[in-house]
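Consider the two complexes below, in which chain A is the common component and chain B and chain C are the respective partners.
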Partner chain A sequence: MDMLQFILITSGAIALVGVVCGTALAVAARFFAVHEDPRIEKVAEILPGANCGGCGLAGCTEYARAIVVDGAAINLCAPGGNEVIEQIAAFLGREATAAKKMVALVLCGGNDTQAQKRHAYNGVADCTAAQAVNGGDKACTYGCLGYGSCSRICPVAAIEICDGLAKVHPELCISCGACVKVCPRNIIKMVPADAPVHVLCSSHDKGPVVKKMCKVGCIGCTLCTKQVENQAITMDRFLAVVDYSKETPGKAAAEKCPVNCIIAADDSSSDAQPEVLQNENN
Partner chain B sequence: MTQYILLIISAVLVNNFVLTRFLGICPFLGVSKKLPTALGMCGAVVFVMTSASAVTWLVHRFILIPLGIDFMQTIAFILVIASFVQMVDIVMKKTAPALHGALGIFLPLITTNCAVMGVAVLNVQLTHPFLKSVVFGFAASLGFALALIIFTGLREKIDRANPPKCFQGVAIALVTAGLLSLAFMGFSGLVR
Partner chain C sequence: MPNLKFCKMKIIKAPYKSWGGIHPRYHKDLAADRALREMPLPELLQISMSQHLGAPAKPVVKKGDSVMQGTLIGEAAGFISANVHSPVSGVVKDVVPAITLTGAMIDSVVIEPDGEDKRVNDLAPLADWQAVAKKDLIARVAAAGVAGMGGAGFPTHVKLSPPPDKTIDTLIINGAECEPYLTADYRLMLESPERVWLGVSILRHILGAKTVRIAIEDNKPEAIRAMEQAMRNADGDVAIVELATEYPQGAEKQQIFAITGREVPSGGLPMDVGAVVENVGTAAAVFDAVFEGMPLIRRITTVTGLPLNAPGNIIAPLGTSYRALIEACGGCADTVKLISGGPMMGIAQAIDTVTTTKTTSGLLALGAPDVSLYESMPCISCGRCVDACPMNLVPSELSQYLEAEDYEGAEELHVMDCIECGCCAFSCPAHRPLVQHMRQGKARVMLKRKKK
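For the complex of A and B:
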């Protein structure tokens, strides 16, 4: 009897503590409830959950909050693509505006055979380190160093280093912008995936200087600007620059370029990318 | 006053919770990769350990001892600490969202980790009175914070170094933790 009483007291006391704690929690949950819009959670579920930060916010939940609370644009999620945009649009009753798919592009075409080096570099294989030694080993101070900092930071392994030159595979790029930030020479830019022409050079040096250092550098001859009528290609300090917000006629400019630093979309594989993407998703 | 100062020195340096008593190793290794995260964790631990030692002391003194069931302390402490932390989490979310943003994700992680539990049990074993329990809890968490911050600094340096391949990652981290623990052994004998 004594034993039984003891067990009862013990279990009763612990159970009482548990009940008190539980009740306190329940009351607290009721009185201190934070009313969050339930749609935020739903939108966050639709988003891919990669937390890549490509939309400019800290993560997918933050972006979901921005969409629901602040009315942010729903087409900022690059990894999600049009499918996610449509789902969010259907869920929130907003109009689906297809995002322009952006891809990273290395604005340099000078690989080891075409561009000169000015000194040997045998330090750590990292662009930032190479840049720190006498401003980089490439003769052209605007050129890709090719030590793969961008390729290492890319979360989807979409950047390949071929022959000392970084090349982005546009069909793999999720446009998170990590490579743009890491490049010590700032020569990686986000460009529309369907843009017809690109100038693969970033050098603002004058023509003769460029010619000495690189076979495919823009020499600032302005021939390409005369091929387009709407100023879609303009000169900026001896460098032809494509204005991607304007319509650009593809081939003419590329064909005229005497150093072949302008490529038209037909030459690269960017036309084929939507199909490749879809196949991978299926 | 002197005894409190000695208690603090003892708990922070001589009997450091992580490096001498080997409690709270999981967050010590888990969140020591980056300083901002480690600082957030330290804040949460200081807060939880200090308040948990107060709460468990009250539970022990006013519920367990009068009923003569202090052998149930482990279960009772887990119950009380867990719901206390949960409660703080809920209240903080409403009243101090900024603080919740900084500590929030760490609170559930340390709900009843061994360092928090250890402080509660040690308070009972050493028969500390109330104020001494709270000071001990605070000092112990400061010791945890000190160890975690030193270790995080070391790991951030190691990340930039180039250890042999077989030592990379967790292996070198554990070796470092061992050396740090040895270093803290130097304090032994300073205070009882």
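For the complex of A and C:
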């Protein structure tokens, strides 16, 4: 057998194998193909791709699939905002219903200077860990522990710990809700970004008890509820609670609060901002 | 004439050596020679519905009800739960959530004692227990609300009802009391060894275990002698095992290995290797429940520590506040740290209004010279924690996984097998909060498994 013959046979055999495999793949591609709606990919492209999980699904592609296949609401993507809603609405020919922009808010105002500690804690700097040691070192059993579990889980670094108290920067918040889930004391809530008034306290303890532990805790005096007529602020076990579904009044309630635990929206942002700038300058 | 040599109780050395362990200073001398005593009845008892491991009991009394000693006030909620009874006769003042030793808010029944100690006889004594069906004996143990008194508080009736595919051949009675400072089990074995032994006989009868081993550390020779005396007429394969004095010899899995050489598989229970471990206190409680029809309403608590004026072993009704216990021991002005339990596994307390439960084996007051505040530093990879870990884990690596919140990685390194004994943190020269990392890791992994 000469060299040429050997090369021909070899390349012929390889070519044959190639043709057989190629045909098999072509047949398989035709008969076993999984049909996927091409719109899913397009919708996923419109979504921001942050995979934050704020919509309640495992990521942007999953949410796109839910929109296209299951007909899920198109206004669940908080980071995308109205722009994304409009684009998806235009692409799928659905009606655009704008979602209210929500932001996370820590319902506690007691930082290290205002709230008492009941014991020294020298362990792992994490709220869940601190909470597991005798229910946390803060005297108030409802308040923010300030060990920053929320700040570490936040995908966009919108939570800052100032003086032992977590603060959400509303302009950075993408309302994914990760902090709400991780907080062992359940004091982070999603609130409408444009709500004019908040009660920065979660303590259901009675007035005298609160007074001993925290200078800015709600003492349940009910003064604020008398400033509003539509029951936008109600009392729940010695704690004033804002009903965000109702139109809430402006500064009247905040000004009346004897312990300053009610803040009007303007205050909260101006309160937090200078601290950030200070930190950056240092 | 009986063969004296045969009748003499067998005392054997532990045949195996469990892995790891440490030798802390024991300080048992503070309370070891103080005889058991009852304390004056507190003005109020606040009985938590979470006296045990598992679901808290459901309160079945309401404000204003009058109760007698032994009246059922909390009903077991589910299989892994236990009944709670009133330790005194008196009036129910309130049923409110109150802070417990773990810091959780749990429903508690507040009772004002009338000092008369009238007793309700819901449970008839079963003196002739050998004739009673095993099923009924287990029901009696459950009705009396007996839960493990070593510390974890696992409901005893659950341990006594192994699934039919598991045969129990060894019953180990845990009198090791390896936790420093505590002497409650020691005093119990010294002062009422007969109650313990009769309780053991009942447990043995229920489980049908061939082999019975009473495990006591060799630093308690008096307890070994007392138990030997109480068990002189025992028949069958019964022996006292002298364990080497080492922490944590009282841990269930380590004790099973030291005595039988069997290793409980990862994620398994002692019944997987045919063994059941019960504390000596639990055995005495089983005796009370069966022989005297007395539910578990009081326990021995060692109140100890250098700042205390008169440390002691107190028989306290459930729901006694820590403050009342300390007052019964002469008070302590210079306490800077109060621990419910022993120094290794106990839980530090922020307030002294917390009340005792079925698992409160000790209350430890520490003064300023006994405690220090360390700053935690990075791991220097010295490996002392690896040598100390009785579960054969690698705490140094695990803690770094957990610090980085990599719970999946920690699960692969068997964080769930950690028994939280504290040997790693005790031996760490960098003062890393290793046990706290493990606890948190375990909690997170449990949460993840629950979600699935």
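Operating definition for what follows: the second predicted complex is superposed on the first by the 268 of 282 C-alpha atoms of A that agree within 3 Å, B and C clash if a C-alpha of one lies under 4 Å from a C-alpha of the other, contacts with A are read in each partner's own complex, and residues count from 1 in each chain.
Just so we're on the same page, contacts are C-beta pairs under 8 Å (C-beta built on N, C-alpha and C of every residue); 3 or more make two chains touch, one makes a residue touch a chain.
Quantities reported herein were computed from a predicted structural model and do not represent experimental measurements.
Asks: Looking at the superposed three-chain arrangement on chain A, would you call chain B and chain C a clash or a fit?
Replies: Partners clash after overlay.
Asks: Between chain B (first) and chain C (second), which, if any, makes contact with A:17: first, second, both or neither?
Replies: first
Asks: When the two structures are overlaid on chain A, which partner does A:3 contact: first (chain B), second (chain C), both, or neither?
Replies: After superposing on A, A:3 lies clear of both chain B and chain C.
Asks: I'd like to know which partner A:118 touches here: chain B for first, chain C for second, both or neither.
Replies: In the superposed model, A:118 contacts chain C only, not chain B.
Asks: In the overlay, answer first, second, both or neither for which of chain B and chain C A:136 touches.
Replies: second
Asks: Stretches 78-86, 96-104, 402-410 or 438-446 of chain C: which one clashes with chain B?
Replies: The listed stretch with clashing C-alpha atoms is 402-410.
Asks: Quick check: in the complex, which residue numbers of chain A touch chain C?
Replies: 118-120, 122-124, 126, 128-129, 131-137, 141, 152
Asks: Spell out the part of chain B that touches chain A in their complex, as residue ranges.
Replies: 59, 63-64, 67, 69, 72, 75-76, 79-80, 83-84, 86-87, 90-91, 93-95, 97
Asks: For chain A, which residues are in contact with chain B within the complex?
Replies: So the residues of chain A in touch with chain B come to 9-10, 13-14, 17-18, 21-22, 24-25, 28-29, 32-34.
Asks: Over in the complex, which chain C residues touch chain A? Could you list them?
Replies: Per the touch definition, chain C meets chain A at residues 99, 101-105, 347-351, 373-374, 376, 403, 405, 433, 436-437, 439-440, 443-444.
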